[in-house]
Amino acid sequence: MLEASKLPYENYAWERVLGACCENVIGFMPVPVGVVGSLVIDGKSYFVPMATTEGVLVASASRGSKAINLGGGAMTIVTGDEGDERHAFNSASRFAQLQRLRTTISGRNVYTQFKATTGGAMGMNMISKGVEHALHVMSTEAGFDDMNIVILSGNYCTDKKPPALNWIDGRGKGIVTGAIVPANVVRDILKSDVDSMIQMNVSKNLIGSAMAGSIGGYNAQAANLAAAIFIATGQDPAQVVESANCMTFMENYGGSPHISVTMPSIECN
Amino acid sequence: MLEASKLPYENYAWERVLGACCENVIGFMPVPVGVVGSLVIDGKSYFVPMATTEGVLVASASRGSKAINLGGGAMTIVTGDEGDERHAFNSASRFAQLQRLRTTISGRNVYTQFKATTGGAMGMNMISKGVEHALHVMSTEAGFDDMNIVILSGNYCTDKKPPALNWIDGRGKGIVTGAIVPANVVRDILKSDVDSMIQMNVSKNLIGSAMAGSIGGYNAQAANLAAAIFIATGQDPAQVVESANCMTFMENYGGSPHISVTMPSIECN
Amino acid sequence: MLEASKLPYENYAWERVLGACCENVIGFMPVPVGVVGSLVIDGKSYFVPMATTEGVLVASASRGSKAINLGGGAMTIVTGDEGDERHAFNSASRFAQLQRLRTTISGRNVYTQFKATTGGAMGMNMISKGVEHALHVMSTEAGFDDMNIVILSGNYCTDKKPPALNWIDGRGKGIVTGAIVPANVVRDILKSDVDSMIQMNVSKNLIGSAMAGSIGGYNAQAANLAAAIFIATGQDPAQVVESANCMTFMENYGGSPHISVTMPSIECN
Amino acid sequence: MLEASKLPYENYAWERVLGACCENVIGFMPVPVGVVGSLVIDGKSYFVPMATTEGVLVASASRGSKAINLGGGAMTIVTGDEGDERHAFNSASRFAQLQRLRTTISGRNVYTQFKATTGGAMGMNMISKGVEHALHVMSTEAGFDDMNIVILSGNYCTDKKPPALNWIDGRGKGIVTGAIVPANVVRDILKSDVDSMIQMNVSKNLIGSAMAGSIGGYNAQAANLAAAIFIATGQDPAQVVESANCMTFMENYGGSPHISVTMPSIECN
């Protein structure tokens, strides 16, 4: 395979890959990285890297950034983050800190979701260790000695799948962001008009998605942006599945559109 | 930016990137590619490339491939592909061939989904051109002169979002695949037993996902495999969102587990 | 039981109940029936009976009818009805006429949905007989002799449950209805104003329902009206579950609100 | 109308209906009430009244009760009930006691769900009064003086609609119930066999419902039973919409099927 592959494999820090994050390696896939911005968020300028081969994605995002900046930039509220509780989750981890449990019973099965802070890391592995330890204590010392552990992850997490649970309850980071794009910017930069944009957003992102039976997909093309940022920044692209779920809403705010994006379940480090 | 970036940018075919699939390029992100297999599908052996930094993903998939091969390999049925109709979709495209229309009315809005074959390409762009042309003909020659075109894509496609419509109706390719893993392979390679595997699959992939309000996420971790294959093969990683939706089911088939995966909406070239 | 029950049982046509539509009968539950209207639909006046104990439901519906009538009444489009095909479904029924089949494969299971006209009746029973006959022919004469029939109804109908399938594909009757309520009527009868009504509808029926993870519940309180009409007219109140699914939308139409209701799956005779 | 109506109206306690639970009354709809049982639940025998015109519903439920009783009856766990907190919700109600708030932000909208105990009543009205009072205090005394109250119910309750929120979070009463039906009873009374029943339940109630894109409809025909009990006992039949959502699961438990029903959102007094 290695000989026939046309993938590049020279000039790469293989010592950081092998035995750590990939196996049976035959080379690497170079994904071009473009840069969007600057984009003003909460008063500060950011450049946003995007790894993508989707033509005009970076250019479109740059045009959008310009329009947002001309209105003073975007403002954000963090609606979910798994906190900074004091007591350690358990002795299995120095970083994960248990925040809350969510339990559901279905027939004879019990599903428990452990929510924890993870000291900045995505932290699935450290949470898994903590859960394993907690279950061990429950079955040996806490009286649940007839408990049968079916599997560590019972799809009630829910990782890399699009359940309503993540949309409703949030997972990872939750963000609501808003920006006002001045009416003249809508006209000159976005080549649209305020009323049409607002009507289009309702028809497409609310009604169109609702008619298609979507839960969480109330947006235009968030997955492209999320995937490009995730790949450029070394996040897990499989978690784009739930991270890209969001609602884009536009309303007339004194003659200009107020545009908001509500993202309850961004899974990243 | 270019100067401060630590991304590699040498030894890359930039002439195929610039002006084609990325803008404001500052370098490339090298994603390591591992190879899984061989895996026997419908009697033939395949190697499957996966671009990922998720440790043990390639190794796990290789172990699974080995277990599947020992049972004779996987068999597949193609349940959806947008056909090979004769009449061209319209003059705007040499490749896209219209298969069927799906229309829904919501209040005063009409949403129409155009399904077409695209001669092997993913084909969003050629379908967009065809739709644009069709709408033009409708409003100028076909009597719908009071029709107000709100937007070309009304989220009833539905692209890169997880709606029930794609799960139920399919989009892109639909595949059902099955394999029998002999009981002794379950024990020796997968380190499990048949009854536990079958019970675990029901508790996790059916009940767990159902309790979490999932539509289409009836699987263990399909998104990681789909994302890794999509990136390694140049597919759009944003389309992992709906492509990874699938149901994994296991049942006892003469003492060994018959394992099936049902994937109705794989979006790829 | 009969002696202790305080339910009325006199003055009732028991001969039409016993052995036909209820068993172990101990009396009857008298549900008060109010009448709404008249309501002008497609130019004709109708009185609508509602059996309910929900106070002010009938009064509210009457006020709404008055407001609708003052704008000229409601207009309707039938978007779904299982047609009037010529060829009989099969010899098992004189009334049911097969319209189309919808088949999905999940692993080793095949689910087939039979859509038929039923000559005005709800027709579950006659369709069941037809399906039973069709499956018999398939397994005995049509070559599917290794087919194992698991159950007649595989929840892919889907009857009396709220699946996305019914919302997207329709079931029973599909109706889109619209009315323009003049701005002065909004002010004088509904005690509201046009802009507030439109904004409220988006915030509640679109965004609120979307945030709650609803599929099909994009309305204010359709289930009360549907249940009251179903009970008053002898329909199956269990089918309110999917029949009440609808989207209410309001938009400014020349200064007055155009209000539409989109109901894709009304299950009734 | 009254003259032309064929509905009975004599012998009815009209003084308890008029001005209280129905308007423009023209008579009553008599719904026949059958009785199921006795059914043993948690060691006690109950007769269950069902108001229905669905033939054989009562007879089927009676046969099921007999089968359940022969295995010793059903056991139940209450998984949700809005508690018995000490502090009164607010001065607007003597009964409603606030349990917890659930708030979500979508763009510039905030949706708040108030969960309260209601002293045995369904209590929508008393909660509405309490919420109205709380919002008044927030906007006048608590500093939220720029808050614009859009509507009292923002569909985030969610009442009489089938959102994932109710399925996941519960609403009203939550119950998990289980029963073991001895294998010989399965054979003699239910005319089936254990393995077929278990396989059928997975194929229909889990896979079939999942393929149809259902959230909460993982059951055979719960809505008929719920509607019949609700009408017979004076509950609001519109709340069958979410109350009937449940999962029926069957598993082999020492040679006999353990059958469980998980109902997270039963809305009743």
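Structural remarks
First chain written, first letter: the chains are A, B, C and D, and each begins at residue 1.
The rule we apply is simple: a residue touches a chain if its C-beta (ideal position, glycine included) is under 8 Å from a C-beta of that chain, and two chains touch if they have at least 3 such contacts.
Bear in mind the structure is a predicted one, so any value in this text is a computation, not a measurement.
Between the interfaces B-C and B-D, more contacting C-beta pairs are found at B-C. Looking across A-C, B-C or C-D, the pair that copies the A-D interface, with over half of its contact pairs the same by residue number, is B-C. Rounded to whole angstrom units, the spacing between the C-alpha centres of subunit B and subunit D is 38.
We define each chain's centre as the mean of its Cα atoms; on that basis subunit A and subunit B are separated by 19 Å.
If you average the CA atoms of subunit B and of subunit C, the two centres end up 35 Å from each other. Shown for subunit A are the residues in touch with two or more other chains, namely 104, 106-107, 164-165, 167-168, 199, 207, 209-213, 215-216, 247, 249, 251. Considering their complex, residues 77, 79, 104-108, 164-165, 167-169, 176, 178, 213, 215, 247, 249, 251, 258, 260-262, 264 of subunit C touch subunit B. Taken in their complex, subunit A has these residues touching subunit C: 164, 167-168, 199, 202, 206-207, 209-213, 215-216, 218, 247, 249, 251. The touching residues of subunit D, when paired with subunit C in their complex, are 1, 7-8, 10-12, 17, 20-36, 47, 49, 51-59, 62, 104, 106-107, 109, 111, 150-151, 153-156, 158-166, 168, 199-200, 203-205, 207-217, 219-224, 226-228, 231-232, 234, 236-241, 244-245.
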